[in-house]
Amino acid sequence: MSISQAPVVCTVASADRPGIVAAVTAAIAASGGNILELHQHTDRDVGAFTARIEVDAGVDLDALQGCFDDLQVSMGLTCTIYEGGSRPRVVVLCSSVLHCLSDLLARIDLGELSCDIVAIVSDRTDAADLASRAGVPFFHVPVGEDRARQEAAVAALLDEMAPDLVVLARYMRILPEHMVGVYEGRMINVHHSFLPAFIGANPYRRAHERGVKMIGATAHYVTAELDAGPIIEQDVTRVTHADRVSDLIRLGADLERAVLVRAVGLHLEHRVFVVANRTCIFR
Amino acid sequence: MSISQAPVVCTVASADRPGIVAAVTAAIAASGGNILELHQHTDRDVGAFTARIEVDAGVDLDALQGCFDDLQVSMGLTCTIYEGGSRPRVVVLCSSVLHCLSDLLARIDLGELSCDIVAIVSDRTDAADLASRAGVPFFHVPVGEDRARQEAAVAALLDEMAPDLVVLARYMRILPEHMVGVYEGRMINVHHSFLPAFIGANPYRRAHERGVKMIGATAHYVTAELDAGPIIEQDVTRVTHADRVSDLIRLGADLERAVLVRAVGLHLEHRVFVVANRTCIFR
Amino acid sequence: MSISQAPVVCTVASADRPGIVAAVTAAIAASGGNILELHQHTDRDVGAFTARIEVDAGVDLDALQGCFDDLQVSMGLTCTIYEGGSRPRVVVLCSSVLHCLSDLLARIDLGELSCDIVAIVSDRTDAADLASRAGVPFFHVPVGEDRARQEAAVAALLDEMAPDLVVLARYMRILPEHMVGVYEGRMINVHHSFLPAFIGANPYRRAHERGVKMIGATAHYVTAELDAGPIIEQDVTRVTHADRVSDLIRLGADLERAVLVRAVGLHLEHRVFVVANRTCIFR
Amino acid sequence: MSISQAPVVCTVASADRPGIVAAVTAAIAASGGNILELHQHTDRDVGAFTARIEVDAGVDLDALQGCFDDLQVSMGLTCTIYEGGSRPRVVVLCSSVLHCLSDLLARIDLGELSCDIVAIVSDRTDAADLASRAGVPFFHVPVGEDRARQEAAVAALLDEMAPDLVVLARYMRILPEHMVGVYEGRMINVHHSFLPAFIGANPYRRAHERGVKMIGATAHYVTAELDAGPIIEQDVTRVTHADRVSDLIRLGADLERAVLVRAVGLHLEHRVFVVANRTCIFR
């Protein structure tokens, strides 16, 4: 019998049907668990059920896992128990713009994010110094003449690192589809616009030309289609006619680091569910 | 047997104990109900359990009420079923500043708020025209020399109207404690500051003198202590050195109407629970 | 000699060249004027100079106009003096979604906007009641089988009304290019998205499908290209996975009325300058 | 003759009187300068004139300084010319909460803030490692039994460092009045509340108890009265009933670093003027 010493998180994903909450919460109660916080959502468009439940210390984890196994068989529910304390392995890909990487490193150092960056991979050398000061292995994989070769080398590095999560922190290259598929639902990118406005290159220049009064940034899971994956977090800030493209880049940098770090935090706390290319997020 | 033709809202309030969610959701499932959205929160500071559950059309309401009655006895739960379609009766108190009243009337007219204003009561005559155009009875209760007499007249009017909700839409008088007690948890005031900053009179003037960079507004349930009741909604907007007191009043007016109408909407949709002078709000 | 009894606003537009501010402010000083607030901006991309100057009561308006006429000749400056107190004539076009019209009428009634709506024109009859209660002439111009005929009738109505400003308050028809040209820089539309995302029809449905975490609204001057005119004001609000299309419509309505009324207010106070399809706004 | 190779910033502070803008801009024009951006504000409550002017490269700086000297004599204007390129000397004081210091260091490293931190001074040892990795001298000045002794030691250190700016980055001690006086207008503190709410200790705990729906942070110049100096920047974020005190601390940390770094940036760019214990900020 394994009694949890700290709160645990349970997630439930399933096709919708009556009685799911009753069944899952009965299982928790039967295992001696007391619910601290329960979020549940049913996407009526596609009939998908999702829930996140925090259960207080004192639940019998073996009993609960047994109940959840039964519910898998009897009702087709996918229930997962996450105990705290583990440190997910994260690989960061970046290029020459480094504020997002810098912020991730600082927050891990301050204890604000509970994960370990096990490698920093880049097509440029700019991040080497930052990696070195943080004591994180740095891998420079330059592009040279053969793009496919570089992509294969990055893919091989990732395979070797076996990360739980890959973060594209202003990595300026498009990943090949096969790589994206491997890390579905656990590869997060930050795009420097309020998607779906300004998909692709030079969003700040285009925002300035359009004369928008707010600029934004978007963190999303990477899918095969460019800048079209499930959005996790977005934010915006006001700009004025007096802001030039260089000002938008400067102001946008704060949005980018903020949405990326929030998205990574939400993912690490098992708060993000993907349903029909949209995210359901329980805060 | 009474089968609901539209989704219903169930609320649960109780001292915290294990098994509440399981028991309530089992009751819903047993009554043929399918849960669309469930929010639950346990305030660990005071051990209070609250939940709001939307159940799809098709639940047997008599059966569900029976189950809930049983849960009252067996577990001490207060479960309430709210069917849609009713129009709560609202009385608005106001003085001479009318943008909040104007906005409430416009939104009811547009169908954005589902309630009826059955009376507008004021110590001033300014709102008479607005009331008349909206076809709402207007009661002028001037103060004159005897403050207590005016308060008694207002209290008598409210008693007669038997409102489900009382809204203080920039009513510039402090209500006597006995009146406040009668409408505990169903009298909403809007204060023109970001509480607890600038409690009391002339908040915009004081905000200007302090040189704040944002002003705010707060909607809260009224309690005996001035501007100290449970906060339902707050919002802020940026101001600059160039904004004079008159500008703050103008900019703040938009905050006041926004937070008041949102607070009223949240209350009408049974999304607000009061626990230990704080609100728990399920959006 | 005509001495201003209240502050006046002066605007300056010109190709950029050295000495403009010195020349204009010397003219104001020579006319006995004291500057309360001066905003100036030079768009370096296109070399355009713009300024807005508030001059305190006590300036000799005839003398100032004389100086400005001289500056037109000597330096090519377009300087304009706006005395307060006039009530610009506004025509509102709308269809069946009425919250923006309702809000404009309420704010004029409350004295928050200094203008007169001289006509409400619609392809639908829904606004007739609102117009009637506000005492504003209502013109129903239905579409029928001949779209061009309806457009001509609307154009003729506008001509007849000679408005200073035309407001498209969720008018659901695209105006013909010739009409747009007549009201260049004085026809404001509100679009129910954070432009340039979701140009065109059904922006909320498309926002929901994309799974954005914020929705927006945009007020802009109308130009021949759909939803591509100079942006005056934008705003956004957070949404979640739990918000359905109908929720986005409801939440977006508050953004739409807010950005439209702010844009109209900025325009009426001579705070908006158009430079290279972007707006320069002095708040 | 010294012709500026890059844009320069000129600031003007004075008692209000007619003709200041005309005189200053005439001086700039006479010195061959072209104005890129001009912000001007007159505080009518106290009759104070302030302006910030960006002048394009190509102005004769000696000629301009000569004109400004004349204007000092003839009109009593305080005009200052700031050439770019200098690196102000900053001393940071901190205690054991390090996210603000960490963020300042990261942003200087990234080139986002143009200044040098010449020393980090603390009553605790927690920041030693961060200082060491950034290559900044760290001075530990523990409190021990004699508070006055510690204060004197800190004061002596500051004197020795001769900083242009002192930043209190969550320094948890109140500075003696004599120290505050020395650095009037160039000592910036961040307070972890939306001032004037929750002045003093434990603002997040008090915010939680009050049940506010937004928390804030405030950066301000330090004056003798606690948390009452001129506010430079404020920001807020939404919180919910589900956020415990520890969540508020975590969410607030992002506000604190954001407002502090923005305030420091505004100060370094000569955008902040203090008038009557309020700031006038030209963005």
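We just call them A, B, C and D in the order they show up, numbering each chain from 1.
To be clear about the criterion, a contact is a pair of C-beta atoms (placed from the backbone, for glycine too) under 8 Å apart; a residue touches a chain by one contact, two chains touch by 3 or more.
Everything numeric in this text was worked out from a predicted model, so none of it was measured.
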Original post:
Suppose you hop from chain A to any chain it touches, then on again the same way; how many hops at least until you reach chain D?
Top reply: 1
Subject >> Chain of greatest Cα-centre distance to chain D >> reply: B
Original post:
Looking at where chain B touches chain C, is over half of the residue numbers used by both copies, so same, or under half, so different?
Top reply: same
Subject >> Rotation angle (°) superposing Cα atoms of chain C on chain D, nearest 5 >> reply: 180
Original post:
In whole angstrom, what separates the CA-based centres of chain B and chain C?
Top reply: 35
Original post:
Can you give the whole-Å distance between the Cα centres of chain B and chain D?
Top reply: 41
Original post:
What positions in chain C touch 2 or more of the other chains?
Top reply: 37, 41, 44, 240, 242
Original post:
What residues of chain B sit close enough to touch chain C in their complex?
Top reply: 37, 98-99, 102-103, 106, 109-110, 112, 133, 240, 242, 250, 253-254, 258, 283
Original post:
For chain D, which residues count as touching chain C in their complex?
Top reply: 16-22, 25-26, 28-29, 32-42, 44, 51
Subject >> Contact footprint of chain A on chain C as seen in their complex >> reply: 41, 43-44, 194-198, 210-214, 216, 230-236, 240-242, 244, 275, 277-281
